[in-house]
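Which chain is which? They are A, B and C, in the order written, and residues in each are numbered from 1.
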Amino acid sequence: MSKKLVEFRNVSFRYDEDGPWVLKNCSFEIYENEWVAIIGHNGSGKSTIAKLLNGLLFPQEGEIVIGGQQVNEESIWSIRKEVGMVFQNPDNQFVGATVQDDVAFGMENRGVQRDEMQKRITETLSAVRMQDYRLTEPHRLSGGQKQRVAIASVLAISPKVLILDEATAMLDPSGRKEIMDTVGEIQESSGLSLITITHDLQEVVQADRVIVMNNGNKWREASPREIFLEKDALRTIGLDVPFVAILAEELKHAGVSLKSTPLNQEELLEDLWILHSRT
Amino acid sequence: MNNSLIIGQYVPGNSLVHRLDPRTKITIIFFFVFIVFFANNIASYSLLTVFALTCMFTSKVPIRFIIKGLTPVWFLIIFTFILHLFVTREGTVILEFWIFEFYSGGLIQGIAIALRFFLLILVTSLLTLTTTPIEITDAIEDMLHPLKRFKFPVHELALMMSISLRFIPTLMQETDKISRAQASRGVDFKTGPIKERIKAVVPLLVPLFVSAFKRAEELAMAMEARGYQGGEGRSKLRELKIEKRDIFIFILFAIVVAALLLIRSYS
Amino acid sequence: MDITFKNVTYIYQPNTPFSHKAIEDLSFQVESGTFMAIIGHTGSGKSTLIQHLNGLSVPTDGEVVIGEYRLSKHDKPRDMKELRSRVGVVFQYPEHQLFEETVAKDIAFGPQNFGVNEAEIGQRIKEIIPAVGLNETVLERSPFDLSGGQMRRVAIAGVLAVKPDVLVLDEPTAGLDPRGQKEIMDMFYKLHKEQGLTTILVTHSMEDALKYADQVLILNKGTKFMEGTPLEVFNEKDALQSVQLDVPEIVQFLNRFEEKFGQTIPFQKQSIKEIAQSIQQIIEGAESR
């Protein structure tokens, strides 16, 4: 069993003293080298969770522990070294004047030596396949390229957890796919934990585990396979299920006795093939 | 995406002038501005002109960019020239025209003053043509460093400058987008009485401010998330370094200054 | 209104070192009442194209005809405003254009500019608010206090309140949750049918194009790559792949099914349920053999 890295213990949060609770008594855990997707309708509290994880906000009730440290005013600087975050809008998180300045920004903040910085910039830009753009200015990059730079900037400080808060929402499908492939590769090779907040079902399917938020409550926490079995319940809270899950259900109605719940087309086709060739 | 925006007027290049340390360039220009006022005869003016033109040709910046940079001030140069021509009454009369008399002294002074202007503007625009805004920012931060002792927020100022520079193209695109959206809703920015046109700016400015604030907020958050906590204990990727070429240019410039003073005292 | 593009080319900043050809020699036609989807990569010229529909951009070469309005290098309609009142555009992230103190004022802004009288505007707002899925209680609130999804709906209401004949939508559902996306698209579709609009939808979603469009136009690097009904276009899997576009998942699945089982289930926009039944028959067929 791998190690526990992040823990939310009965966390409640609201933005104003007399405002509504935006998170209500949420508890969950995230382990090393795990990919967790957080989904939920607009305003369900997903971004709030991300900001709490990074010490950009603090809970009014409950506590958050990351790598054995409780998140509070004193620990945020070491927490932020462990938790890297990429936000939705590619334009509003690009700090540097050029790609390499942006990647350096996080390291400069931590006083990393220049030689080390140069080395890390080369490494991380290659990891996101942006090594040819080192001196390019942000307004000459596409949205997807800016997001890849943002990922490189975060990787440069070697965090243990990488949070993507709808980092692909403003990109076109091919931009999205590139980012997700990049992130997938990085997660596999570096073994960091990945938290992706998303409305994109394709991203959810790739995760090891899914946390479903509804109105500030943790509604479910399970594997994508289990989650997508609850087709109708998901719809009532404003979410959707992937095409394959719907087709699998219709196949069952039509009398095809699939033995498992397929998550992607390969699995479904394989299942059908077994049924087909049995006779 | 708009790929065409040039911030400031930087023309990319790899000439000697481009590669000079920005602090070298700023310092030399600073002193150049001074010594232009010491020039007082043909020889000294020629010396400075040769220096400025040499810089210009070494920079390999196409002439048309330089001329473009000078356009807004041509008027000023010509105006001072004419003013001197009309007002100065020294030397001999060289031309009479209707009620005016033009003196040789006026012509000479007019040329001298116009040349001064021209040299000043040529040299300063060479700075912005061959130095990226971010290099200028770095140089200013470095040169203002001593002020830190007096609690002057040097780092913050430099950061603010570089972020503003970084967001200029973004905000220009945004302005363009919003004005198109409002034009589609029937706003007319181009025709109609002045009062109407001023009113038409509100639907443009309000969304622009709202979005600028939102951007600022998100950027601040992104910076904080990446561990930004002020200038203390920060290292820097960009390094300013005085190289041989900088020293060479300084020596050259010193010779020019010395020669100028010499020529001046002979006349 | 019928829309015709005849050999349209559009160049940004022509005659400068930065000149950039965003659209090249593009021709197509849209009949009045058609729902057309425009699909293409980032930078393929979709947004540039739609700006020609209400005269925000005028072709560098060629001509655009919208109803009785003609746009080309040589003639611009005398009354651009009239054209804009008949072609409504919902831009990407339209909530960025909100600026009034109250929702009601913001919705009224467009119609006022186009000279609709106050009584009529009041009437229109009453009709539109429920149609875009808002509640009358928001009318007196500031648009900036609303949630992202609500702001989006207010901005859309502001365009609809002008009662255009042509509705142009540039990725209208970006950033919304799945339910919000579906609600908004269904709403546009309903309006399209009920009011006999001509609708032009720019989208990255093949699923939406398949579901709503009568006609699909695929752009690649500023030129027309393909045009046809969704069925025609999405059966050209290989061609689409050559410009890195996907086919809708359902088509993708049927293609793979064919590869694996050697039996074709032709795609004719049937429902998932019907597809499930076809699959069942093929498998049963094998069992009963």
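Things to note:
Note that contacts are C-beta pairs under 8 Å (C-beta built on N, C-alpha and C of every residue); 3 or more make two chains touch, one makes a residue touch a chain.
What you are looking at is a predicted structure, and each value in this text was computed from that prediction instead of being measured.
Chain contacts here are complete: no pair of chains fails to touch. Relative to chain C, the most remote chain by averaged C-alpha coordinates is B.
By count of C-beta pairs in contact, A-B exceeds the other of the chain pairs A-B and B-C. Per-chain Cα centroids separate chain A from chain C by 30 Å. Inter-chain centre distance (chain B to chain C, centres taken as mean C-alpha positions): 45 Å. Shared contact sites, meaning residues of chain B that touch two or more other chains, fall at 1-3. The set of chain A residues that touch two or more partner chains comprises 142. The multi-chain contact residues of chain C, meaning those touching 2 or more other chains, are 43. For chain C in complex with chain B, the touching residues are 12-13, 16, 18, 20, 43, 51, 54, 56, 81, 84-85, 88-89, 91, 94, 96-99, 109-110, 112-114, 144, 158-159, 162. On the side of chain A, the complex with chain B involves touching residues 51, 54, 56, 77, 80-81, 84-85, 87, 89, 91-98, 100-101, 104-114, 117-118, 121, 138-142, 153-154, 157. Taken together, the chain B residues at the contact with chain A in this complex read 1-3, 5, 132-134, 162-163, 165-166, 169-170, 173, 214-215, 218-219, 221-229, 233-239. Listing the residues of chain A that touch chain C in their complex gives 40-43, 88, 142-144, 166, 169-175, 199, 235, 238-240, 243-244, 246-247, 250-251, 253-256, 265, 268-269, 272-273, 275-279. On chain B, the positions that touch chain C within their shared complex are 1-4, 174, 177-178, 180-188, 202-203, 206-207, 210-211.
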